[in-house]
Amino acid sequence: MEGLSSRIAEINNSAAQTHTRQFEILAETLEKDGHNIEQLLDKISSFQVAIPSWALGTGGTRFGRFPGGGEPGSLEEKIQDVGTLHALNASSDAISLHIPWDIPKDTNAIKELAASYNLKFDAVNSNTFQDQPGQDHSYKFGSLCHSDPAVRMKAVEHNIEVIKYGKELGSKALTVWLADGSSFPGQMNFRKAFGNTLDSLERIYETLPEDWKVLVEYKPFEPYFYSMVIPDWGTSHLLANKLGEKAFCLVDLGHHLPNTNIEQIVATLMMEAKLGGFHFNDSKFADDDLTVGSMKPYQLFLIFNELVEGMEDEKSANPVPAWMIDASHNLKDPLEDLLQSVEAMKLAYAQALIIDRDSLEKYRESNDVSMAQEVLQNAYRTDVRPLLAEARRRSNAAINPLDTYRKLQIREQLIQTRGSKTIATGL
Amino acid sequence: MEGLSSRIAEINNSAAQTHTRQFEILAETLEKDGHNIEQLLDKISSFQVAIPSWALGTGGTRFGRFPGGGEPGSLEEKIQDVGTLHALNASSDAISLHIPWDIPKDTNAIKELAASYNLKFDAVNSNTFQDQPGQDHSYKFGSLCHSDPAVRMKAVEHNIEVIKYGKELGSKALTVWLADGSSFPGQMNFRKAFGNTLDSLERIYETLPEDWKVLVEYKPFEPYFYSMVIPDWGTSHLLANKLGEKAFCLVDLGHHLPNTNIEQIVATLMMEAKLGGFHFNDSKFADDDLTVGSMKPYQLFLIFNELVEGMEDEKSANPVPAWMIDASHNLKDPLEDLLQSVEAMKLAYAQALIIDRDSLEKYRESNDVSMAQEVLQNAYRTDVRPLLAEARRRSNAAINPLDTYRKLQIREQLIQTRGSKTIATGL
Amino acid sequence: MEGLSSRIAEINNSAAQTHTRQFEILAETLEKDGHNIEQLLDKISSFQVAIPSWALGTGGTRFGRFPGGGEPGSLEEKIQDVGTLHALNASSDAISLHIPWDIPKDTNAIKELAASYNLKFDAVNSNTFQDQPGQDHSYKFGSLCHSDPAVRMKAVEHNIEVIKYGKELGSKALTVWLADGSSFPGQMNFRKAFGNTLDSLERIYETLPEDWKVLVEYKPFEPYFYSMVIPDWGTSHLLANKLGEKAFCLVDLGHHLPNTNIEQIVATLMMEAKLGGFHFNDSKFADDDLTVGSMKPYQLFLIFNELVEGMEDEKSANPVPAWMIDASHNLKDPLEDLLQSVEAMKLAYAQALIIDRDSLEKYRESNDVSMAQEVLQNAYRTDVRPLLAEARRRSNAAINPLDTYRKLQIREQLIQTRGSKTIATGL
Amino acid sequence: MEGLSSRIAEINNSAAQTHTRQFEILAETLEKDGHNIEQLLDKISSFQVAIPSWALGTGGTRFGRFPGGGEPGSLEEKIQDVGTLHALNASSDAISLHIPWDIPKDTNAIKELAASYNLKFDAVNSNTFQDQPGQDHSYKFGSLCHSDPAVRMKAVEHNIEVIKYGKELGSKALTVWLADGSSFPGQMNFRKAFGNTLDSLERIYETLPEDWKVLVEYKPFEPYFYSMVIPDWGTSHLLANKLGEKAFCLVDLGHHLPNTNIEQIVATLMMEAKLGGFHFNDSKFADDDLTVGSMKPYQLFLIFNELVEGMEDEKSANPVPAWMIDASHNLKDPLEDLLQSVEAMKLAYAQALIIDRDSLEKYRESNDVSMAQEVLQNAYRTDVRPLLAEARRRSNAAINPLDTYRKLQIREQLIQTRGSKTIATGL
């Protein structure tokens, strides 16, 4: 790590002059518009995104997988990779584990390793959408919703076990992505499936530590192709409300029907103080799990507009949501994809921070539609990259993370160390 | 009317022999499968669909309108048209009025007229999506959600006035389709718009008679193209819950994003005892407002499957929903379109009634997906048209309504009486 | 096989009486409407659907796979399974092989085996969307479209090899599903990718035997999530036109954007004499690969309406398209799924055959929209199942194929013979 | 006009200092990256977008219309409004007329008036989707595709008349948006409708002057809701090919099914030298006709990426497409909406011009997906607004057009002159 830091510093040196000039010009413009640069930099620096352990290896589709090289073969190597990211961008200070893909054998050693990279453990994730080898009850026809109480019990116990691992690691949240559903009309009794699911979640909820949250994710289809037990925010919200104060909704950008206005869902859930977490990615067609910001960067900005508005609202009772990337890197080097994703998120965040909110509200009140749009676009069209670079520079991270990653030949070194044929656990 | 009845009887006579043979064969088959034919006929006869007053004239698109002839020019003529439908199919015993398009001048006379056709008044509908000539506050930027309290107050008062008309006519429900929304990112503060809407609805709710319901409709887009204040069932449900026991959700089939599983929404809302009403139509692309059953008859059957299951569940606290057709007849004779729509609904209803529910539940419990599908398809593939015809015959309505309508040359007579250039109020 | 036939006959006996009565009633009605029953039965009997070799095992999603038991572990066992289907429904007289999943080792032995089940070999399918173990050039970034000529050459040669196997087996067509595409804006030069693809296809086309066809499939997304080289029928048609007279388009029902009017595409391609083949399945959201007819049976009927109209048009130069099922059986027994799929296709076909085409055209000419719809719905609402059963009975196949399959406990026997843990090659 | 120019100059003066500093900094950065600023400014200045005559008034939906004030009540006033736009942004040097909404009475006077504002006449547009008062043959069931030859002939003659007006005004293209289609399965014989349409278009094509183009537009739905005769680019391309060398396709951004990759269609059509024109707008759900760039600015940039690539390709035989805005201004002042639309188009164009195309191709060839994305995003994230402002400044147009429009109180003056109740012809 120290080695990495010093090599980053070296590359920063050669980029410093150009960066400084660009930053100063931007800072001058923003200050003229009434922004406090130091506050902006503070907020940007504080913004941290959790990296899921399964996003460090090459993903695939049902048609095949084309692995890259140097993929992490163990939890330790996954933590190392997140450490590399964090050294480069100073924005990825947590890892989110997926059980059973990442069961820690020696919890203390794992925690120490993470701490050595300045990493924490974010929400833990359960998996009841795959059967493990030799599993006695199958999840083929569902887990928490299953018609057979024995299968439900198995799935409940798995979630309780995941909480146990999370407690040992210092996590404070359990994310439940319930992949349960049906693929054919007639297959499932919708109301019984909901009732079974609620009952299962209540059993899990009972064991949740006082300072934990449970995050209930929704998705309209895949892996089932007719109905999902929790298909939309309305159902997720219904469940979270029935469960209690520690239960929240989790929004994954890719889990919506075509044309959904996601930013409005964000606003509604924050208004109801029930937005607990966010999975970032991007998509064009379905749950494509692409690099954040690679397809619809303006939508991302509009979502951050709502997030910032909700978080800065003093009357809001919504907790700060847990941010996480949830993507599948089928074609790119996973670490490059993650660097691009975090950069896109922070651009959207920084642009949302410089929205002239007083003017925006004034134009909204007077229904001056053209000018309300101008206010948003004025922020969006501003090139805030120097602001992000400056925040990184001050945190001893890379001015240009992806460029630095390439120059340091990190992937080449990982291939040398780990080999070109390793396959990470996960999707 | 009596004239109409006797002419229907005459035409029935010539169709009776063929019908009776077909009915007897179907009855025999269904009885062999354990169904009680008389009970089925009772249920089918009892099924009544309200006709909205605006569906009796030719509709249009934003690109133009091509009126037909003989359209009703007054409320009295609209009631006459619904009376004709009811005489033909014995399934349209109510009319749903839209204020201000159909303000009754002499309530008692109107009630008597309706009674002479055996018609009742179903839910009344408010309209805050158009400005009336000379209107002082415009709904251009919303009504119940508007940033200006004066506009909100005007919209609230309009709804209260609609309730007043409804009370006089014997209605028991107010339907609120809130067309409010925004067309551009930035235009609307989502949370304020929701708050204003809730506040407005509460003021309306306060004036609602004890035995009334208010039905809150949702729609994802149109006439606004970025956000709607009530875009989905989740938001409608949120509002209905905050309002109280007399508030329910209303589902319009055309008001969903592509690929939405509507039947699951129906199941969820009935489970929560919040499904208050239904607007039937059909669509391929958006809110196309086509003849019921003309595009996705299997989806219609699956929806009726949930409706029947919910209504026959003794533990369910959901009231019987209000059924209504909400379509726009741009190309067809409106009365023919309505005859086809009611027929399609009753086919789906009858098919849902003959589903072997015990087997279905058994297969669901054992996750026998193939057989669960077979049970549904077995009902759906059954040709139940003779059952509907028999129910009509016993009610002195037409064995073949559309055929009878044509033979009786009803449209030709209406054109003679009303002229070929009349244009009905409405869309 | 003989054993199977006699057992089918036995079960038929017990169902014969009920069936005969239902068939006679239907025949009587249809004859009254002017249909020639024997001709209908002939057409229905002649209708044959090819079964793809990969559809005989349990499919999966990118999230997991839940195998069933008794899956075929060899090409021989796959042929046996198709033989079983054909014995049951007399409508699956061909198998479509996928190379390299099903490379025949001894072609003559395989042909003899197939012949013993009365099976032929339909179109052969190439696979350039997966890397085989030890493959020297990767298809990760495309195959026929690849920027590297060496990869293109490898993919071309693979297709030529597939033709070679097909020639040995008696196939007459090569199906090219080109999974090539890109997942990120910027990744691919659209015009170069098209040019490379055309060049590669021309090289394959050159080697195509005189009496063969090449079928060019299209798909809008998956496994790539931004662009596909052949995303729609327009591009497929462009390629087929440039290639020549032996090149045709192939339509897969699941390969369309939401709300596409597929039946119109069918009509257009037949008008242009370029519809070469059809992959049947059903879907609600994307390429869901569900049982044919399980989701949108009316759309299926409308497609068959166009197919029948095109095939019965004497002026049409379009060849009879190759019919194939292309589904993924994640939850059901694959053989049951295929029986249901073939049944749904034949229902739609039979209903399309009994459309009163003269009336339909008459109403279309006079723009009598209501009656044109009535004509279609009259055919669709007719319960033609007895017609299909009679066609099967006369071919010594099962009156009720799925019921017979269950009664004969075929899956149980396959599990006993093949084991419960076998996994078929394929997706 | 002179008055307007001098007032613009005045306002420019007060903005000049800030602008100049921002422009110089941007120019410096771009030059460092190897761009020729003068060439960029030239290209940006040359970029001109036609304004359709119907876009100068407030539009509506089928649910209502909320007119603003000061709308143009005559063709002369429409030309004046486009003149105002062009004075402000120096990018709207042409008007596109819609017949019969804008029939010029005195062609010479109209041409002189236009010339006084430095305006030309772009493509003329026919209208066969509405009946005019007293029309003898109705377009209710189609026009060029109609089953009745008399209706087809009427529509053909209308198009020929539109060409006549266009010739007088100096137009060089006819745009045919064929709104023909059907709303119900069964209504239309797809193949006959196509054949009739082709025949009608051939008759129009025969009368087309040698130096003219005919642009064939496509649209998947609305105003018909089941099928459109020309639903997609494939059908438009088929027709253009059959018609001949003067026939081209026209792409309207809003005329696509959800998730369509429009930029790929652009690339394909330019490759085939058949992209004749472009209608710009933006949308979230359907043909929403919103301000260009208000919803999906990155998609707009990707489209301009293809347009620039196609136009700068020396081997391309595609003509420079006709650019036009085609939007509906329901909520905004139409002139403000158009200023915002042109600005968004030019931003996308300028960003497409500064893409490092050599690097992009290099990364594509080597399948370096991350870096290919970086190249695109690097251009897109650059704030090129000062470049546009400088191009305008040099053309004596406004540095900040919308701001200037507001400061000059142009709408207020139009209301004073024209009144607050005028309604423009059009949608």
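We call the chains A, B, C and D, going by the order they appear; numbering starts again at 1 in every chain.
FYI, a contact is a pair of C-beta atoms (placed from the backbone, for glycine too) under 8 Å apart; a residue touches a chain by one contact, two chains touch by 3 or more.
Model, not experiment: these values are computed from the prediction.
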Chain pair, A-C or C-D, that carries the greater number of C-beta contacts: C-D
Matching chain pair for B-C (criterion: over half of the contact pairs shared, by residue number), options A-B, A-D or B-D: A-D
Separation of chain C from chain D, taking each centre as the mean of its C-alpha atoms, in whole Å: 43
Between chain A and chain C, centroid-to-centroid distance (C-alpha), Å: 40
Of all residues in chain D, the ones touching two or more other chains: 140-141, 183-185, 187, 220-221, 226, 258-259, 261, 284-285, 291, 294-295, 298, 331-332, 369, 373
Touch-based graph of the chains, sorted into line, ring, star, complete or other: complete
In the complex, chain A residues that touch chain D: 22, 25, 29, 258-259, 261, 284-285, 291, 293-298, 331-333, 336-337, 340, 347, 369-370, 373-374, 377, 380-383, 385, 402
Complex interface listing, chain A residues touching chain B: 140-141, 147, 182-192, 194, 220-221, 226-227, 231-235, 237-238, 257-261, 263-264, 267-268, 270-272, 298, 302, 306, 360-361, 363-367, 369, 372-373, 375-376
Of all residues in chain B, those that touch chain D in their complex: 59-64, 66, 129-131, 138-141, 179, 183-185, 187, 220-223, 225-226, 258, 283-286, 288, 290-291, 294-295, 328, 330-332, 427
